[in-house]
Structure formats: structure tokens, C-alpha cells
Amino acid sequence: MTGFDPLAAVLWLPLGAAAVLAALPGYVLPARLNVLACLASLVCAVSLFWHRPPAGDYLMVDDLNVVFIVLNTFVGFTTATFSASYIAHELQTGRLTLGFLRFYHAMYQVMMFGMNLALVANNIGLMWVAVELATLTTVVMVGIYRTPAAIEAAWKYFILGSVGIALALFGTILVYLAAQPVLGEGTGSMVWTVLITRAASFDPELLNVAFVFLLLGYGTKVGLAPLHAWLPDAHAEGPTPISAVLSGLLLNVALYALLRFKMLLAANPQALAPGPLMIGLGLLSLIFAGLMLYRRVDIKRLFAYSSIEHMGIIVFAFGVAGPLGNFAGLLQMTMHSLTKSAIFFTVGHITQAKGTQKLADMGGLTETHPVLGWTLVAGVIAIAGLPPFGVFMSEFLLVSSTFARQPVLAAAVVAGLLIAFGALLVQITPVTFGPPRGRNARVHASTLPIFAHLALVLLGGIYLPPALVAWFQHVAALLG
Amino acid sequence: MTALVVVACIAALLLLALAAALGARASRATPLVYGSTAVICLVAFSAALLGDDGALMLPVGLPWLGAHVRVDRLAAVFLALIDLGGAGASLYAIGYGRHEHAPHRVLPFFPAFIAGMNLVVIADDAYTFLFAWELMSLASWALVMADHRSPDSRRAGIVYLIMATFSALTLLLALGLLAATHGSYAFADMRAGELPPWRAGLVLTLALIGAGSKAGLMPLHAWLPLAHPAAPSHVSALMSGVMTKVAIYAFIRIVFDLLGPANSTWWWAVPVLTTGGTAAVLGVLHALMEHDLKRLLAYSTIENVGIVFIGLGLALAFRANAMPGAAALALTAALFHAFNHMLFKSVLFFGAGSVLVATGERNIERLGGLIRVMPVSAGCVLTACMAASALPPLNGFASEWLTFQTILVSPALPQWGLRLLVPTVGTLLALAAALAAACFVRAYGIAWLGRPRSACVDGAHEADRFSLAAMAGFAALCVLAGLFPGVVIDALSPAVQMVVGGRLQPQLGLPWLSIVPIADRSSSYNALAIFVFVFCATGMGWAALHRLGSKAVRSARLWDCGYPDLGPVTEYTAASYSQPIRRVFGPLVFRSSESVVMPPPGDMSPARISKRMHDLAWEALYQPVCDAVLALAVFFDRFQFLTIRRYLSFVFLALVGLLLALTLWQ
Amino acid sequence: MIQALAAQGTQMFLVLLLAPLLTGYVRRLKARLQRRRGPSVLQPYRDLLRLLRKEVVLPETSSWLFRAAPYAIFSTTWVAAALVPTFATELLFSWSGDLIAIIALLGTARFMQALAALDVGTSFGGIGSSREVMIASLAEPALTMLVFTIALIAGTTQLSEMAAALLSPTLGLRVSLALALIGFVIVAIAENARIPVDNPATHLELTMVHEAMVLEYSGRYLALIEFAAALKLLMYASLIACIFCPWGIATAGSGLAKYGIGMAAWAVKILAAGTALAVFETVIAKMRVFRVPDFLGIALMLGLLGTLLLFVSRSL
Amino acid sequence: MHGLAFDIAHMLAGALVLLSLMMLYQDRLYALINVLALHALVLAMSVAWQAWVHDAPHLYITAGIALVFKAIVIPMALRRMVFQLRIHREIERVVGSGLTMLAAIALVALSLEVMLPVTEGVDPVSREDIALALSVVLIGLLMMVTRHNAVSQVAGFMSLENGIVLAATGAQGMPLVVEISVAFSVLIAFIVIGIFLFRIRERFDTVDVEALDKFRGERR
């Protein structure tokens, strides 16, 4: 490999694109350029499958993150495609101006950079910085409409996110402190690949305290109840592409960070098993979000709560651990991000067609907008964990493997799943079926990203590529 | 080989579904799709009937396991049942489907629904099984939502899909427990497992809840009378006649096959018998109170499922006591009844569909006199009604007769609990059978006989020839299965042998085509002979009357004990028809009450009677859950409206709390 | 074989021949008990003949079912009656249906009758049909439970085998059997539309059950239905006789003399049953329709109790 | 580590906790901002002392940032804001100051109880620093939770962040400390700019965070 380093490209491409986009006026060209940059990042990310550079002090690629980088760039690409048609409509209706659009595109790339960096970071400090960067960019994106509600959402996101990030940093410092007596001072004590090999000799009690901070810190970004408050509003008030990215990617990135630390704890036999904490928070999030779904009036907020619910399931899965639990968690992360972003794409078009986000003002979509309506139905079915979609497989593995060991927990999960499913069904049935309600504008929908996501999710329920399975199994073993 | 054919049929059905989704609005789509479905079903049916056992592994599904499919004798029986029902419904739908308002909401899901049911039956690992199970639920949900503009359909769809998911999750838990012993999701490994008794009992309970809620056992039936009627009639026939059988299959597969005889205990029969008996009686009582033709049929499905579960419970009891012969009798009765129910319930739903097409009405209080405008349909439906009422010489009686014979064997059971329970269940069964007859007299008498009660009957016309062919075909099968029960019993016996390790003696070799379940001495039944007798007796009676008696016939106005005819308004209504039975059972089962407002003497205003009935299962089981969830939702809703400071205090409290916990723990 | 066939044929036509006689006898006796002279015992035959010769008046609103039903009612009842051993057991076709099947055959007859009552679309037809199915829905399970009781004692549901088993000296006296007898009588009264459940002689609309159902029938159709009712009464009498006092009944293949004894015994039993019925109907009053479930509930409870006792005693 | 260096480091960290408590006690915004500046100053001294003791020159940058940015620029900006928005008299507590102080003292105890037993293997300075830093962090959070006012919330967040920087510098040889402190400064700048940019006074008529309520969405 001479000259071309895909890892560097994955990072530099978005950054460079951000600089260019910040300078370009208009919206057609920047939108296309945005898509193009994302596509290029995706190609580079895919090439990581074949050329894995050795882990350095700052960056690395391994079985865990290679999947997530590709997922990240893929969803980034499809979201950019969706965003191109979405933003055009927003310009027409005057919700955004050209100046903001320039800012939007640049920020989009910076955000992609931040997330990619967080995923490939080998240094826990660098990872923290990257997550913070991604958070800050999404904050400004959420507030981009500058309506009072958007500003309020952004403000809430910002304050809660900042506190979370501070706690995560404190946890990171504690991890360093735990590593320092073993690995000595300096960079080495923050390099993840080094940490994991020596984790067994760290002070377990310090690691425990560190994990509490990391769980709460990154958990805030993940949106676990009761730290979730920013999430629904940020999803609901920002532009829909950003909602898709938030749910589909940013939550994953934060969770990924949490997973890295969980692996450290798993590698230390004396450390407190993080299971009970994660199980508790996961269950709380699942059931809480499930109940919150019932009284939502805003469609985007509805699906935002569904994201909380899924994050709860995923964190629960990792808490239960074991090869099947971890596998289920990883699969669920992947499938959720694909499905949820597809749902947000659909919802974006629907809200444009209906001119509102209020559930009460929508109805009979399968009749007025058959493609959007049925896609929403498919998306909801997929996200609810029904076959033939991929979430079904992960929930199948999770529930069945948990029940034999901890019947009460599995029963609680089943109850939570049912509560949430009932809510989604009750909420979405009048939207997609029944007599049409509200405005019925035609939209020029870009259905390709939606179908691509749903096709992948469908494939996930039927057939998983052996390579992916092997990686996940390897990672699942590391996760303990 | 059979496995391959069935898998190919499933694939073909799924492709057909896809094609239908893309081309549902084409002009000839309806006959094409239904015709192809019928052909594919027939292929699968003959493969199941003629084929051999075999297994297949497809490289999809769970990554490290693959999708296992296997056709064994049990699966073959249910495959035959599903595909026969599917073929009949498709044939019916070629005609019926022309009246569909929105064919694009039905056509794609219909083949998928049948494919899902087929796949459930041949699945040989937990993932494929549940995948197919949910596919079946989803497709049928979409069919229930076909008439999406009606609020009832939407409500039915919501309740149905939630209950279906509940049942799938319960089965998932059951299979998860089974899988835990060997850590493998393949059925082959589950069979080998030896479970601690409490675990096996838990699996049984979960399977009963999961499969039972799909089959419509009380009190988990709430979705069934909502969803079955909401779907188009040919789909109702499939859901009632076939899908409930798939649920029964699931129960047999898990409890009889996967749990295996080694794990079984006698008390398992207790919950199965109790729920079965309760469902049988309560189902038919609900049906008796119902005015909606299709809902009535749906409740009758609950009754029949209950009867099947009584058979299954008896089989469990006998198997646990190592009495394979008796267990075989019980299981044969159950499977036979399942098959019969598929036949007659399909005809009944087809008939209801034809009535719906002809009159646009499902409320029997507004029907009447249809026998004169739809004579052929009326004959088919009458046959099915008689079969459903367990009257000889039709098939429904044959299977109930077998069930009664099984109950008569049960004093040989060593457990006291069962000895007390079985006769009680026998009473329930007898009660259910008698009430079923009452129910179908009422349904048929009010809807098809008498004088038209509303104008909607005026424009009615006979159904089209495809519908008639389907109805007549299945009605003929009802008669044939009733006259030659031995054929069906013999066809079932390999499956019975596989599941409980015993079988009935071959029936076809017996003289005069009688069926003898246990021994010559104890009981035998020959439907053919009875039929011939009745036939001859009728002939003799007819001949004698026409030789000896007057042939004069005069048509005249109604006499009615001399009352002047006040028109069809004075006809007996369905509500008043069931009033005596409501008086007897209502206070207990429905907490029903009646109040009469009688005007004072001299006042010319009409007297009024009003009745109040409660659906106790809904009020005791579902309403509290709904209320609790909604109350919690309202309570938690306030967390959407807090200030940032309060949210921050959650973070703060979580942090302090966790740190405190950690300190205390360390 | 020939003999069995002959016996079977004899029985079939014997029940046909004697059914109206029993009805006539009961009527006559009742009249005498009420100090009336009453019609001749042969009056039912005359009634039937008279009806046969009358023209049929069909209501305009009736359908083919209305005309077909009498035949079905008559033939199923007749077959049921022919399957019950009267003077001899193990007739040629007795294996073709056991007691459960016989009861179900009567159910078919009732099903058709209830439908025919609804066919013309009058309120009287409806009231009768509705009450009939209510009574049947209680009587039938009661009967089934009683059959269970007896079947458990005899170890069979075949009537011939039952009679043989109950004749066997090893049986002894059973409580369950007594319970079953009482239950059986109650059910028989209800099924045959006798007092106190129904009054065969009434035409007071509020109390009619069976009569309300056949109001619109006339001529030969009515004759068939009346005949079927008479057959049913005879059948129940024979049934009770065959099960609870099978003494004297001939078995297959025994000589003509035995058959003669059997016939004589049967005649005595039937006469006794008729007398008992007449006396009972004279001393008791008709009950309200909504008391009937209680009455039948007793039979059901007796059946269940009998079965439970047997289930339990089997273990001792 | 020789005694004097340890004592001075300890004293500075202790002073930071004390200042946090003082900040919690303040009722007036101007006074609060003054204490905040003092807090940052002490932090800068502490960081500089660490740099001196451990001979880690890059920490001087952190100290410099703390001094210039947090002790001078931000307090000035906040003052200006308070002046412009005319809220210098406003300060709303959720709970009384006595109760808050008690809670704060409990938090200090908790953080010592949490940190000291688990850091036995660590260098004593780091150990003290990290324990006291946790107290500062928790008190900062407490402050954010117990005040309605946006400016005092910023102050709370800044003290929280000061605690983290103290912990980061206390952890000997930790890389990226400078980068982290820069990142944090950017964060704080964002917050302050945010308040300016959104002109909360103009839009919402008050800086009180409770006033944002009506935009919480979902109000029916």
C-alpha cells in the first residue's frame, strides 16, 4: 500500500469537504458535492475491509469499528442523498435560507468527521474529543431553524450534552489513573489497544468508579433514561436529516465509546461486572420510553422515543452479555441505525407532504401517498422487531438467551417490548390507515435511500454475511 | 423430496405475493393471483399427501444454524390441512375477489399468508419457526386492515397484532427455555433435552398461552372475534379454519414433540383440559348472543378450538400415564376435529361472504329468507351448520364421538385429580355440543329462513360459480368425511403414531366400513349404515305417503294461530331467540341483566326491554392492563415537560446514587 | 344372518306399528284418571289416517326446507327407534350406532324441526323453536352424562352390550344406576314434550313448545311429525326398559320362543312405562318455562354425580 | 514527592473546594462571578504548580488558558451580560442556602469516600487531587441543579469543568490535557456565545431557564 491510506482518507475527506462546502454558495452544487464526499468516504471505508492499517497511538481499525465505520459512512451517504431532496423543499418553503444552507453542509461534513474520528480513535482522550466535536456540530444543526422551539431544544441538548461529556471526561481520567501505575505515564496509558492487553492488572475498584462516570457520561449521549431528556426534542425540532443522523449514528457512536470501556472492564476479572448497571438502565429506558410513546403528538418525537427504547434494549443486551447477548446487541445496533434512519427519511417526506409534524393531522397515508405510507408501515414493523426484518433476529436472540438464565429480566423485556409495540401500533395505525386527514401535497420523495436501508434490514433478517457474523462473534467474545 | 416441493411452493407463493404487490391494479390480477395460489396450494397438498419424510437445510436464517425445514408425518397432516383450506379459499376468492373494493390491499398478502402458514409447519428450528409465525401474523394483519377505512377494522388490527406479538413472544420464551438445555435452536437438539420438571412445566404453560392465544382459547381470545370478521370473507375462512390449526400445530409440536414423553407429567393435562372445556362452552355461548354473522362464526371457532384442546389435554394425560392406545384415540379425535372444523368453518365463512356480497349486510337481524334467492348456497351452508352442530352422519359428529369415546376410557387414569376433572370436562363438551346446535339453528334460521327482515335482501342473488364450487366442494367433503371417517382416521394415524407412540387399529379393513376406536364390544359407529338407513326410511316414508295419502297441496297465507299477519316485523328476532338461553347462562357468564319498561295502563307507547351484557374476559383481563398502561403513560408523560434544571437534577441524582451504591457495595 | 335380518326388520316395523298405540294408551289412561271417558286407544291411528287424506296447506312464505323437514324428522327418529333393542339385542345393524349416535340422531331430528319452525317466519314458530333449543341444550348434555354413567358401568356404549352387561349377575346394585334412572326419566319427559316441561295437548300460546313449532304444518306433513313424536315416545320407553330393566330380552340367535318371551316382556315394560307416565302427568302441574332449566339441571347434576361416583369408585 | 510540594498542591486543591462552596453560597450575580474568577485563578495556580513540580511545561498552557480565558475573559463577558440584561439583582434558588451547603458538604464527604479507598495504588498528589476534583465537580453540578438563572448555571458548569481540569492535571503525565482544556474552553465559549446569540433576554424576556418551558414542544 503506497500512497493511499483509506484510514486517513476517511478522516480527511470530510474535513476537506467541509472546508470546500463552507466556501461554496448556492445549494444545488453543494448538495451534490455533499453527497459525493459522503460517497467517497463510504468507498474509502469499505476499502478498510481489505486494508486494515496497523493500530497506531491515535487511530486503529479492528473488527468492531470497521463495521461501524462502514455503517456510519453508508448512512451518512444515504442521509446526504435524502438531505439533498429534503433541503430543496425547505428552501422552497423558506424555512431555511441559502446562508444557513452553506453552514448546514459544512457542518454536516464536520459532524461526519467527528463521528468517524470517534470510531477510529485508538486513544480514549481523542475519542472523547471526537465525540464532543460531533455533539457540538449536531447542536448547531438542531438549532438551525432558529424557531423558539428549535433553540430551546438545542439549548437543552447542549447543556445536558455538556454535562454528560464532562462526566465522561472525568471517567476517562479515572481510567488513565487506573492504567498509569501499570503502564507508566504518558500516551501509552490512554491507547486502547495497549489498555486492553493489560487491563487485567488494573485496579478493579478504580475501574468501577470510572465506569460509573463513563456510563452516565456517554449514557447521556446514548439517551438512556433518566439522562435522555435532550433526545426527543433534538430529534423533533431539528431538520429531519439530522434526526436521522442523530438516531442512526450519533447514538451508536456514543454507545460504541461505552462498549470500548465495557471491554476494558470485561478484561479485568476482578472488576465489577457492568451488567447490573447496564441492565438496570437499559430496562428503565425500554419501559419508560415505551410508556412515553403513548401520549406523543409529534411524529418525530414519537420515533425519537422509540430510539431511546431501542438504546435501552441494546444496553440491556450488552448488560446481559454472553456470546448471544453481545451478538444480539451488536446486531441490534446495526439494524436499528439502518431502520431508524429509513423511518426518519420517510417521516421527513411525510411531514413535508402534510406540512405538519402532528400525528393528529395525518391520516390514511397508504391511500394518499402509497409509497410513503407503506414504507412507514414497513419501517414500523421492522423497528418493532417483527420479521422478516433484522431487528427480529437480534430480539429473538436476546430474549431467548436471557430467559433461560434470568427469566424475570426476560419477562420484563418482553413486557417492555409489548408496551412499546402497542404504542407504536396505536399511534401509527391512524396515520397510515383510515380516512385521509390533513393536507395532501405531493412531494418529490427520494425513495432510493429508504429502500436501500429497508432492503439491508430485510437482508439482515434473512441472511447475514458470514464475515459480519465472524466479526461480531469475535467482538462479542471480547465484550465478555 | 416433499420438503423440497413444499419449500418451492412457499417460494412460489412469496414471489406471487411480490408480483401481486407490483401489479395488483392490473385488470386480470384477481383471478390470476387467486388461480395461481389455488394451483400452488394443490401442488403442496398433493405433495403432503403422497410424499415422504425429509429434511432440508437452507443457508439463510440464523447465521450459525441455517434454516432447517423438515416434513414429518405431523407436519404432513397439517400441510394437507393448510393447503386444502388454502386451495378452497383461493377458489372461492376467484369469484368473491371481484367484489373487493381495494384488491391491492388483499392480493399481495393472501399468498404471503398461506406461505407463512406452510412455513410454520415445516420449520425445524426455533428461528425459522417464529419467523414464519410472525410472517403469518403480519400477513393476516395486513388482510384484516384491508378495509382500513372502517374504525372497527382498525381497532381489530391493533388488538390483533398486539395479541399476535404477545403470542409470538410467549412462544419465543418457551423455545428459549428449550434451547437452553443444549444451547441450540434446532428442534432436533431440543428433542434430546431432559428438563427439570418446573422448567418443563413452564414451557408447557408458555406454549399453552402462546399457541392458545393464537388459536383463540379463552380468555386470550379477545382479538379473534374482532379480527376474523374484519378481514375479507375468504381470509376469515383461512384465519378461522386454518390459522387456528397452525396454532394447534404449534402446541402439539412444542408440548408433544419437543418436550417429549420423558418430560411430561400428568398435571399438564389439567390446564389444557380446563381451558379447552371453558373455551368450548364460553365460545359457543358468546356465539349464541352474537348478531354479526361473521363474529358469530368467529366465536364458534373458539368453541371448536376448545374441543380440540380437550382432545389434546386427554392425550397428554394418557401419554403421561403410558397409555399409548388411549392417547392415540384422544389425539386422533383432536386432529380429526381440527380437520373437520377447517372444512365446515370454511363453508360457513364462504356462505357469510356470499351473503355479504348479495346483501351488503352482516347483521342477521336484518337478513332472512335467503334460502329462496340463494338455494344452492343455502344447501351448502345448511350442511356445514349441521356438521358444526355435530349431527350424524356428518363429519363434526364423527370427531366429537371419538372425543366422547376417549372420555369413556379415562377411568383407567390413576390420578384422582384427572378422574374428577375429566367427567366435568365431558359435561362441558356435551353442553358445548348441544349449545352449538342451538347456535346454528339460530344463525341459519334467522339469516337464511323466514321472511326478509329488511330491504337489503330484495336485491340478493345467488353467488357466482367459483364461490359455489368452493362451497359445494367443501360441503361435499364434510359429508364424505362424515360418511367415511375411517379414511381420515387411517390417514392421521402415522402422525399420531409419531407423536404419542400408539395408533388406532386400521379402520379401513373393518367390515362395513365401521369405525371401532377401541374394541368391537365397547363401541362402534357406522355413519354410512346410518345414512343408508335414513335414506331408505325417507324413501319409504315418501313412497307410503304418496301411495296412501292425498297429494293435494294448497298454498295459503300464514295461519299463525289465527293472528292477522303484521308482516316480517313480528318475526322472531335473533335476540329474542337466544333470550331463554341468556336467561339460563347469562347471569353467570355475562353478568347480564334485563330491564323492562312497561307503560302504565292506558298509555299507548310501546313497552321497552333492554339488556345489558358484560364481556367478563375483557373487563377482567384486558381492560385493567390497558388502563394500567395508559395510567402509567399519563403519569410518565410529565417527564416530557420538565425544565432543563430538573433534567439536570436527574443526571445529578443518578450520579450521586450510583456513587453511593458503589461505595456501599465496596 | 337371515334370522338377525328378520329380527331387525321385525323390530323396525314393530316400533312403527306400535308407536301410536302407546300414545293412545297414555291418552286414554290419563282421561280415565281424570274421570273422563277419553278417546279410544286406537284414536292416534285414526288421526294419522285422517291427516294423510287431508290436503296440505303450505304457507306462502315456506321454502323447500319446510317440505323436506318432516321426512328428515320422521326418518331419523324411526332409525333411532329401530336401533334401540326392544325385544332382542344384537340385531343385525346394532353396531352401526351406539347410544351416543342414537341421541345424536334425535338431535338431527330436533335440529330440522327447529329450523322448519323458523322457516315460515312467524312469531309462534320462533317462540317454539327458541324454547325447544333451550330445553335441548340442557337435556342433551344431561343425557350424555347419563350415558357416560351407564357406559362406565357397562364398559360400552353399544346398547346390546349394555343390556347384556346389566343383566350379568356380577353387577349388583349401584347408586349411580339409580341416579341415572331418575335422570333418564327427567330427560325423557323433557325430550318428549310431556308435562311438566311441555303439554302435548295445549294450544295456549304462552305454554306451547313443541306444538308451537308445528303450528303451520298440515295434512301428511303433520302426520309425519305426529308419527315421529309417537315413535320418539316409544323409543324412550324402550330405551329405559332396555337399559334399566333388560330382563327377558332375547339375545341374537336364540330361538323363536325366546323372541316371544322378549316381546311379551317388552310389551309389559312399555305398558308399565305408559301407565307411569299417565299417572305422573295427572298428578303434576306444568311448570313455567323458566323453571325448566332447574328441572333439567337436576338431571345434569345427577348424571355428573353418577359419573363422578363411578370415576372415583373405580380406584377402590 | 517531597512534603512541601505536596502540601502546596493539597492546599490549592482544598482552596478550590472551598471556593466552590463559597460560590454556592453567593446570592448576588456579581459576587458569584467574582468568586468564579477567583476559582479559575486558583485553578490556574494549581495547574502551574503541577507543571512546576512535575516539570511538565505543556501544563503551563493549560494554566495560561485558565488564567486568561476563565479568570478574565469569561467573567468579564458574564458581567457585561448581567449588566446588559439587567439581571444583577436576580438570583433564584430552588432550595435554601443552608440546605444546599449541607448537601454540598455531604457531597464532599461522598467524593472522598468514593475516591480515596480506590486510589491506593496512585501517587498521593494525584490521589488528593482527584478526590477533591470530584468534590468540585459534584458541587458544580449541584449548583446547576439548584439555580434557575442561566448565568449562574454557566458559573456552575464552569466550576464543574474546573474540577475536571484539576483532575486531568492531577493525573500525572496524562496526555492531551492541553487539548482537553482547549476543547472545554470552546464549549464554555459556545455556551456564553449561545446566550448572547440567542438573545435570550429579547426572545424569552428573561434569562430564567424556566421561561423556556413554553417551547418544550408537545404542549397540547
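First chain written, first letter: the chains are A, B, C and D, and each begins at residue 1.
Rule of thumb we're sticking to: contacts are C-beta pairs under 8 Å (C-beta built on N, C-alpha and C of every residue); 3 or more make two chains touch, one makes a residue touch a chain.
Given the structure is predicted, the values throughout are model-derived calculations rather than measurements.
Looking at which of A-D and B-C shares more C-beta pairs in contact, the answer is the pair B-C. Distance from per-chain Cα centroids to the pooled protein Cα centroid is smallest for B. Centre to centre, using the average C-alpha position, subunit A and subunit C are separated by 77 Å.
Mean C-alpha position of subunit A lies 31 Å from that of subunit D. Distance between chain centres (mean CA atoms), subunit B to subunit C: 35 Å. With centres set at the average Cα position, the gap from subunit C to subunit D is 99 Å. Shared interface positions of subunit D, i.e. residues touching 2 or more other chains, are given as 114, 117-118, 141, 144, 153, 212, 216, 218.
Across the assembly, subunit B contributes residues 640, 644, 648, 651, 655, 659, 662, 666 that each touch 2 or more other chains.
Residue numbers of subunit C whose C-beta contacts span two or more other chains: none are found. Within the complex formed with subunit B, the residues of subunit C that make contact are 52-61, 63-65, 71-72, 74-76, 78-79, 82, 93, 95-98, 100-101, 104-105, 107-108, 110-111, 114-115, 117-127, 129-131, 133-134, 136-141, 144-145, 148, 151-152, 155-158, 161, 203, 205, 215-216, 219-220, 223-224, 289-290, 293, 300, 303-304, 307-308, 310-312, 314-315. On subunit D, the positions that touch subunit A within their shared complex are 114-115, 117-122, 126, 130, 133-134, 137, 141, 144, 153, 157, 160-161, 164, 167-168, 171-176, 179-180, 183-184, 186-187, 190-191, 194, 198, 203-204, 212, 215-218, 220. Contact residues on subunit D toward subunit B in their complex (touch as defined above): 94, 107, 110-111, 113-114, 117-118, 138, 141-142, 144-145, 147-148, 153, 209-210, 212-213, 216, 218-219.
Taken together, the subunit B residues at the contact with subunit C in this complex read 368-369, 371-372, 375, 378, 382, 386, 389-392, 397, 401, 404-405, 407-408, 410-412, 414, 416, 419-420, 422-424, 426-427, 430-431, 433-435, 437-438, 440-442, 444-446, 449-451, 512, 514, 520-526, 529-530, 533-535, 537-538, 541-542, 545, 548-550, 552-561, 568, 570-573, 576-581, 583-584.
Remark: subunit A residues 155-156, 159-160, 163-164, 167, 205, 208-209, 212-213, 215-216, 220, 226-227, 229-230, 232, 272, 277, 288, 291-295, 364, 366-367, 381, 384, 386-388, 392-393, 396, 399-405, 407, 410-411, 414, 417-419, 421-423, 425-426, 429-430, 433-435, 461-464, 466, 469 touch subunit B in the complex.
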